[in-house]
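Naming follows writing order (A, B, C and D), and every chain is counted from residue 1.
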Amino acid sequence: MEQVIANGLYLGAQYALIALGLTLIFALMNVLNFAHGQMYVLGGFITYTVYGQLGLPFVVALLASGMTLAVIGALMEKYLFRTVIKRSHREESTMLLAAATAFFFDAVILLIFGEKQRGVPKIVKGVFNTDGLIMPYDRIAVGALAIVFIAAFILYMQYSRPGRAMRALAQDRVAAQLMGVAVERYSMIGFAMGAMLAGIVGGLLVTITGVNSGIGGPISIKAFMMVMIGGAGVVGGAIAGGFILGMMESVGLTVLREYGDVTYLVIFAALMVFLSIRPNGLMGKPWG
Amino acid sequence: MTRVAKAASISAFLAVVFILVPVLIIATGRTDLYYTLTSVALLSIASAGVWLTFFIGRINIGQGAYALMGGYVSAILVVNYGVSFWLTLPLAGLFCAAASILIGYPILRLRGVYFAMVTLVLTEVARLLALALPITNGAKGMVSIPLPGALSIFGVTIIPNFAGMQSPRLAFYLLAVTMMVLCFAAMYRLVNSRIGKLCQSLQQNEELASSIGVNIAYLRVIAYAISSFFGGVAGAIFAAISQSIYPSSFTVTDSINFMLNCFFGGLGYVFGPMLGTLVLYFGWDLLFQTGKFQLLIYSTLMIVLMLFLPNGLLSLGDLLRKRGSNNG
Amino acid sequence: MVDLLQVSGLTKRFGGLVAVNNVSFTVREKEILAVIGPNGAGKSTLFKLIASFLRPTSGEVLFKGERISDLAPHIAARKGIVRTFQETTIFKNMSVRENVIIAHHLRSKANLLGFFLGTKLAKADEQAFGTSADEILEFLGLSAISSEIAKNLPHGHLRALGIAIGLATNPTILLLDEPFAGMNHDETMKAVAMVRRLRERGLTVLLVEHDMPAVMKISDRIVVINFGEKIAEGTPAEIQSNAKVIEAYLGSEDEAIGL
Amino acid sequence: MKTISNMSRRVMLGVMGAAMLAAMPAAGFAENAKLKIGFVGVTSGPAAAWGTSNVRSMETLAAWYNELGGVKIGEVTYDLDIVTFDDQKDPKRAIAGMEKMAQEGIHYVVGPNVDDGAAAVRPVAEANGIIYFPYAFPKSLYEKPASNAVLGMIANYQSGPAIYKYLMENKGVKKVAFVAANESDPLSQRDGGVAAAKALGLEVVAQNDTYQNDTRDFSPVLTPIVALKPDLLVLSGVAPANAPLLIRAARELGYEGLISTETAQDAKVLEEGAGELANGFISVGGASTPEIASDRMKEFVERYTKMFGEYNDESNTKVYALDYILETLKASPAALDNVEEFKKAMDTFSAPNPYLKGDAKLTYVGSTSFGQKRQVAVPMVVNEYKDGAFETLFVGTVD
């Protein structure tokens, strides 16, 4: 059972980090970024190239992933989403734009990096092993790093000037504007940060699970689920959602294995029932 | 539009889909277009359902679930119980509508991305159920489903046996297009009747709608049931064409595509989903020549169109009209 | 006068917070009754409880002697108790006339299928709604703008449209949520006159309001709440001289009471 | 000024376009007639690796043949033209793809890559006289009354028993555990594998464990299975992308038994994804292992690598389909536009297998499994992964 909980915690930490970027973008702009998973994949491939192929230190690779994605995110906000939000009658239209950018990323990634599953050398070798609890050191390292990034993100949002501005923006766009927050500027920064988080988590996880050009879509969907569990647009919710989903998968796959192929059926059904009872997730704003 | 102009454009449309298209296909020998257009017609029926849920203010990414369900209902009835395909068609739709009432009643309380998300999960639930339930034949799918038989009423054969035809492709095309015309006619009537206004009232403000005495829960469920009915019918016909159905016949990707069709055509226009499906599905097919750059070009065009026409292709007409009146 | 609406022992808790605490009063037929109170006194919650948009923790609301507290809002509306909204809540992408026509929903004789098929009954309904909508717009002085899209209207017209929507449901009692908020003096005077005319149409009006001078002018009786509790009830004159009320408002908005 | 420069640019572009159009036929060496061979399968999305290795094998071979002056069938020499269609793993699209092939007058198509697609295209293929080579295992595709599908590789119900038997006899395997993705193809393959293992008298300790295909971390799935301490862990129908992740997770959880699969895998992917943890992993491959590969196979690998930058070991299996089509056509030129002739030829067809050392033959098999010859006789090469490459464990045959 310790193993199951350890698996769940590790999974939760990485899920939470994936969900953070998505929820940030959603909170600031009400955009459900379908391309989040593709950004993660791109981050993974950049780390693969810099660390795995060019042989530069892992930290450099991780920075490269984060920075590249931040720039891409900023450009996307400025030239795509801002325009469409301004000109569209219904804000759901951004979903089509997000989906189209997801396809675009898919195509570009496939053309540049090919169709094969890619991996990099381990960042830390060896396995931690005591009485039935087994955890490779690289997983521990990645899990810890993920938690560090989450903590840094929370502190940044809480105490830095841009962080506070973004929180005001998330709470009430109009009020924030009246209070003198540069809405456009912080929307762009927020989008860039969300994309950067996706890139960083992609770079982190490529060391454990590798990367593959086609997994962006499924990762986005999983991230949506975590965000919904916790409540859309709430940082705490994304973290809670990530850990809950991680734990449910870990425990479910062990407890329900006798019954065959039902673990995910149960998880999904539970999610539907849960949301029917709590329509805004654990701690979401009413009207996502 | 005046009544005359309306009648004229409707008859022109009917003439194009029922006469001109088959004639052109026969003249040019491009018989592969029958299937492409059949797909467009069927997918646009399913997309029309999604459009209807947009019309009451809900983002629906769950239509794939009902298409899959409809396909299985029809396939199971035809294969296991020997029911005529023609009877299973409405039954598949009704089954989906009934299921959607049960599912929709609790989840339609959700709004925005939450509803979108739950419906997305629903698609996956449908796939997993199709894998797990014994009646669906699980992972092995249902194959060798017979083609639709003859339909006769009072001894008069209305539709001949598909299996006996030289090419069932034309027959499937006509069937799909007929269903599409019926479906969009019903939608058009719905949207332009008082019910349409009621649905719009839901989309624009549920609280106010409720305060003027509209039973919002009931109306939402009704709209969702009609939407799912469309999905089920489309799925059933697809199962008949491919003579097989698998848990993966309709997936999350399909659900997302249905939604995109609606966006692309325009959420503010009844015929948006039809045009959106035509352009997106056909567009992909036309780009077939570009090989490995297909997806790149497709997605780039989509982004560009989105930037210039964020309210859908049909908003182009409005834009031109506005520009014309400004200049005049 | 007959008691139309009885509010008895109404209480609403949100978690640990008591928003409305054991409030009781009655509304008589064809009177204008105002509920006032300082900011955050629980007026809005009370209003939602009466209109069945919230369920009370305890206590109940009786309408013509029948409990309506746990009914869905549309059922309450069907019984004749209809609210308008504090914010400018309208169907923003419809024209003014369409807004009013759609609000005739409760008067439909045809059902949904009938409207779909366009039966005789449905056509008669449509006809009747149109006529009635025009009459209501005329009554509220909105005829000139009946084909404007609602979201383009100025503030004052929106408020009037909200009332027009309320009227279209043919209510017995109309609940107005801050009908004078954000209006200047002239607009308020017009609105006061309009509310008076509502009563002349035979309606009972219950309003929740901030604007003291207007309330003093318009109301037959006033209920004052503070911190979720009723602290006074009476005619405008009685309220103006009530020590508790003055105390409640002191320091915050003394001039607002009109002293 | 601006207008003029714009105009001149437009004129330039126009001229260049026209020149290119004019140059095209000349550049095409259009002396030979064209023979179009189709491909309908998945070349994008998470399963892109399957179809991509198909397409690239075909394109490499076609370029090779064209370079050598074309393929002579009957009296005519043809240049090969590979027409590909990405069905995105969607059976509805697969039908459209097959329709397109019919429209192009193509009678021989490779693909689709999955069960649902292969089943969905059947009506179109049969109505339009198209022989197709799916990489999908359902028997109903190949048994009568179906007649136009030819299984392009070894089915898991053929290779599974052989592998399990070998491992029983040589490695003392007694307890087997199965794990599969929760999708049609892997689940069907798992069911086949479980039945085969039971028939051999093996103890199946886990047969219900599944994972979502989008799983990236397999520790939770494998934790309970590893605790059962099986001797052999079978990854049924595992996608090449998932195989290294599963292997790595199992090993890191302390699993010490054998791991095998019945589908083709890629050595490079295993090396990057699992490194030395993948050593000893058993899979079914084609014939590129040095022990058995002929010079032609080596040259194929070389050309493929040159054309696409990197070889994919799955192509060992997928190189065969196009050669089978061409060789059978050579043996029966009338089949060029009459697939009935092709079917007749299949019963007696035989040609040397150019990719294997020794005197192996290309023939059609499948009588035992399907009751008619509807499978290519790809050698059943069972590989063991070791330090970045495959080694041949044993070679079997299918009849």
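Odds and ends about this structure:
Keep in mind that, in the parts below, contacts are C-beta pairs under 8 Å (C-beta built on N, C-alpha and C of every residue); 3 or more make two chains touch, one makes a residue touch a chain.
Quick caveat, the model's predicted, so the values are computed rather than measured.
Touching chain B and chain C at once is no chain at all.
With chains reduced to the mean position of their C-alpha atoms, the one farthest from chain B is C. Distance between chain centres (mean CA atoms), chain A to chain D: 34 Å. Chain A and chain B have Cα centroids lying 32 Å from one another. With centres set at the average Cα position, the gap from chain A to chain C is 46 Å. Between the CA-based centres of chain C and chain D the separation comes to 71 Å, rounded to the whole angstrom. Within chain B, the positions touching two or more other chains are listed as 128, 131, 253, 292, 295.
Within chain A, residues 106-107, 110, 217, 221, 260-261, 264 each touch two or more of the remaining chains. Multi-chain contact residues of chain C (touching two or more other chains): none found. Under the contact rule defined at the top, the touching pairs of chains are A-B, A-D, B-C, B-D. By the touch rule above, chain C contacts chain B in their complex via residues 51, 53, 72-74, 77-78, 82-85, 89-94, 98, 101-103, 105-106, 108, 112, 115-116, 118, 122, 125-126, 165-166, 168-169.
By the touch criterion given at the top, residues 189-190, 193-195, 197-198, 200-201, 204-205, 207-208, 210-217, 219, 222 of chain B touch chain C in their complex. If you check the complex, the residues on chain B that touch chain D are 30-32, 34-36, 39, 128, 131, 138-141, 143-144, 147, 167-168, 238, 241-244, 246-249, 251, 253-254, 285, 288, 291-292, 294-295. Residue ranges of chain B in contact with chain A, taken from their complex: 54, 59, 106-107, 109-114, 116-118, 120-122, 124-125, 128-129, 131-132, 252-253, 256, 259-260, 263-264, 267-268, 292-293, 295-296, 298-300, 302-303, 306-307, 310-311. Residues of chain D that touch chain B in their complex: 43-44, 84-86, 88-92, 95-96, 99-100, 102-103, 114-116, 119-124, 127, 138, 140, 182-188, 191.
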